[in-house]
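One structure, pasted below without further comment.
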């Protein structure tokens, strides 16, 4: 006799059908970092999710940071860490360490996806001239080898995606003269998402989303139109560290990304929950031409 | 908070990952007929299964018969039905009715798949010259317009499949002179599966599979190598109406189809159960170069 | 010695050269119905013409109705036929019969073309989601499952034509929910011709064309610019059943079809006469940007 | 009313249908020379025939000589013509004249085809390195710049044919060192036909074909299998200037050309007569695997 | 030990790197004529240069005239040469000679390139319908078969270039009726360069460039913006035979060619000097949107 | 006036023509390591050479090691280095450092090539599943995470090369379970060269080639057929550390690489010297079907 658990399984697969259809061919850029990187099991689940999305017809692109690893190695090397406006002040030694650590993390993620049977290729912003950066001088201050994206050349991404690879990007890039820089991974993710006209950009973060009441994690807003979000910032309802994050999302939406998601990377399979249910598991910032989607 | 049912769902989707990967790009020919056609809900589930297989990367081709519909219309027209060796004796009026009924059933199946968002195109063996038949004269007896497949021209199938359509085939075909014939759908399915080098050929039937003990439905054999199956026939352990069915399967396996499945079409989603679990839900006849797969 | 008849033959083939060149690559939609369907020999000649046009480099698409066959089967089934404004009132039983009869006629035409060595594929408006229809409510009256075309998705046509098939279309289509409808074949022909930007749309009809004097069949007008035709309707010179026919042609011309022909389907090879002579054999309605072509 | 002459025309076009179908996509190499070149009207008809064959789906390649033009210009230049074994002894001045005259004739033929609306490109054996030749030393005798084909590089032909051009070839080619040579056009035609695996190679000549009785032009043999032809030579029934001609045909047949035709170039439209009737208008030499075709 | 001369060689090759990169994929039309044609060694060097440009990634197209050869053959034929406004009055005999001589020169250039291992195809304006001309009537005067370009159909050029051939064009073309004409090669070069949107058009001429002081060959101007050049003509500083030459260049620049070069064809390898150094070796006329490039 | 130095330059470029032609489209795998990596200027010249080879039509693939960098970082981390049979004993910490250092070196080489205007993409053996390795147990001894290549999947290389990138490979790869290993770069180079059927494999080493007299660097042998080389090993004339190096070359030649070069990486532009002169600058080991090439 057929087992009940197997019958339940087919039921759930069939329920996935409209979601698979809805997102077939969609490009999704996943920014992966923070806590979700620390826990090996969570890391495994994130890659599983992305490989599954690829197999059911979406076209995922991963952008990742180095999480706590860079700090750990900088400390190991006896370098005193400095930050300015949340950006790591990056001298030559720190840059060298960042390059090495990010390269290694990249290789580990690619290896994990390959072991699951997917085809993945790891690249930095230097490979194929993907990103060109300029020196970032916040408030005119020199904070070393920290760059900001000035140009995206999607040829290498286009070639990898159309040859059925999952590109895995780490945020090192060079300027016009070939000098390498460390770049903020969130910005790389939005720059790439804009350049490839992504349907979705998902940030796996350490928060549950945008809160209506900053003190109440239960007050997560599941969908926000771009202008609503802008209004909430103006009204001071979005504040603190949330402001640059949301502004980054608004930029992406303004530049052609249809939906940007802030997901809780600490929840296992939060990406699948986002794609395969119509109950939001974080906050979606939508272009004003999009339609509300979740049933709250 | 994320619902437990949603978490369970992601777990099941992730469990599907290795199966999706295993069968990615595989061509599966599904012969659909019998009881599974009578029940509207079962019919809906069969099409759902096939559409899902398409979306996760398989390339399904459907072959169907007319089930009880042809008999019903033949009766309506006041024609006395005759059978010889299980083949319907087909005079000109019966052929005309068969063409009309099969065409309508075909259109209904295509319509159902289209309504689920898939792209399907219905064809008979005449379209694109898919099948060429010769008059079937069992034991030299003339049973009218009953043909057997003598040639398969896969161009139209190849074009449809590579343009991302699900071909839905009904078993009417013409001979070299253009005279139409009714053809046995089981044979059409195996002829097509052989011609396209299908990875799988699945018969949705009214039995649970091949029984080790003909009187005990619980004795279904989940996997049989081709030569084991031939031995069982020789030993008289497979007997009666089961013999031609299994011989048809053996032919397909001998001509390059890797696995042929006899599935119970009365179980909802039996196709998904077959693909997404490693517990067989019927009998698989395998080429001798294949490996056993199910965990019994 | 070479026979005189063979020399004459080469002369005629050479005379065809400029016509073949002129129409090379042209898409021609042929609406085939009415009397031309009743006579088996005429039917054979129509398909011969279309196969020849295909072979000399044109890209024909056939749209056909069911002629008198639907009526015959409706009568057989003991259903009382009803018409409203020339449209068949279509209850569920009538729809089922229409689907079956049209499917069979379609299969017969495809079979004929295939027997002549051409590659043809029969489809309805349902296959590949070619047509989406809405319920037709003339004067707000419910006449059953009669639809009118609201959307054309040419993917399936494009794929068939570029793979060198002659598409043969019968006028059954579904609405957004997947409910099937009977559709007027003339409308299907013009909707398809517009969607594929046909160079020519030819109606094989039971009249000799548009008459300057309604009572004098000798007064056929060979070429009419769209605005002349509109004027003739305004002036009452085109009247009766001719009005909707011509208005249908005007719609097609307005939506990008360069020339629409009303040909006498009762004349054998009227399509060839139209293409390979510059003496019109019916009436051509031309876009105002076209040039007169026939030598009267 | 439709004119009788127009109806007759459609009848003839329809009769052409099976021939068009039979030869669709066939590559035909036409060697054009001799008398057919002298008469301007005949010349026009030959090009018309080839353009028509192209339009109905064949893929023609023309090889031509210079006819009497070279002799005329050689005489004009005051050079005494010399021949050895039917080959023109070619000194440097003669070669220069041959190149110029053949180039001009080539340009004229291309111009004629272009004026009929076809796309033609004229090339010599030098263009795209089509032909490599070696110095021809009949019986060890030096007869100057007369070459024989040692290698065919079909890239340029393939590119032209697949881009829908009619290649028009004149028989000048170079050796490995780049020295130009005059080449026998009959040999160029067979070498090219073999290299492109032509379906047909047609020689437009000044005779009616191979005679059974050398003295009786009425005794033309319409079809000869390769081994029959060889036998006729052995038996001395084919003799004189006919021997090298037929041997050339046999070579082509042995190297993969399916049918080689010796046609009477003095009969207008002899190419069309050959293609569009099943009454041979000359002699066909067939591969032993071919079937007889003509109804005598 | 490695030889010093070999080390010097690598140094020069490496110095070529930025130039190769700069011009990679660029289309360059080279008008080749005048003195550079008379000297066999110069001729060889010109073809070498063009073959090298092809091999390092540029896409060259050659247009050539007949140099002194036409005059020599016209004289040989006893025809009195006549010129009007620098254009050769061309009667039927002269046209015939021009066609033959240009065809022969063309064949020789192609042969030379082929012997160097490049793939070249020679065509006239007639092949593939490249050029359509109209009769040129300077000041309303009939000067015979002298045409001017009225239409360019680049299909044949596009096909040859994308199949990796070097097209070699000679300036004979036909009008709409198929009548051949002699055309000025300079005009053909600029018409072709405009039609293919060439990056560069280079005239190999018998002068060192445009002089600032007409009497001082040392006063060559290396770069001239289009409006500067126009001004120099207005100011009378460019005068005499230089005026039509420069006006031709200005036309090309106005119609989309980025840089037009007047190079001294008498200097060996002047094309390479132009491409692989940033010291101009003649005069470049630049579009006003270009930037100055040479270091004087 | 044109400068003499410019004229000399054109002469040298023209001399390069036959070499460019000879190697056009050739795949060359360059193993880059050793001293050539320590000197920044040498490093720059190596990349320049490879970029130039790419631009003139060759298809280079780079494989590199980490040179002294790994040792430096291992020391920095306070790990005692151990070697066995010349292979670095690799514990988990050493592996982590090797991954990081090789990734960084890779990124620096890619960056250098990109800054020169080439398109390069850096990958390890993990990306796209390029290499699968097995644990290397020399003499059955466990030396940690040291792998040897068991499978090469060239898809990612093929995609990069055909999209015009220069692949830059570093020798980290995973086994079937996804465990990473350090791999010998020389072996990676030969495995890759064999898998892509490279025309050339060039090792940039710290020696001048294979010496006929081990003590005399002037006795470099410029060309050695595979069986000669094997004989020299048998005869003890090749000995010591040279043996495994030459055996590696012999393996590559046996597996389809046409020529393997041992070049002196300390000579600037030794790659160009090899390609653009016919005086060998090291030792070439050739397949026995190749022909001697150098003029000694």
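We call the chains A, B, C, D, E and F, going by the order they appear; numbering starts again at 1 in every chain.
Basically, a residue touches a chain if its C-beta (ideal position, glycine included) is under 8 Å from a C-beta of that chain, and two chains touch if they have at least 3 such contacts.
Remember, predicted model here, so these are calculated numbers, not experimental data.
Common neighbours of chain B and chain F, listed by label, are A.
Steps from chain E to chain F, minimised over paths through touching chains, total 1. Of all residue numbers used at the contact between chain A and chain F, over half are used by both chains, marking a mostly same-residue interface.
Its C-alpha atoms fitted onto chain E, chain D is found rotated by 180°, rounded in steps of 5. Taking each chain's centre as the average of its CA atoms, chain B and chain C sit 37 Å apart.
If you average the Cα atoms of chain B and of chain D, the two centres end up 54 Å apart.
Residue positions of chain F touching 2 or more other chains: there are none. Listing the chains around the ring, anchored at chain A and oriented toward chain B, produces A, B, C, D, E, F. Residue ranges on chain D touching chain C, taken from their complex, read 2-3, 6-18, 20-21, 24, 45, 48-49, 51-52, 55-57, 116-117, 267-269, 272-273, 276-277, 279, 281.
Chain contact summary for the complex, chain D toward chain E: residues 96, 99-101, 103-104, 106-108, 110-112, 114-115, 119-124, 126-129, 155-156, 159-160, 163, 165, 172, 174, 177-178, 180.
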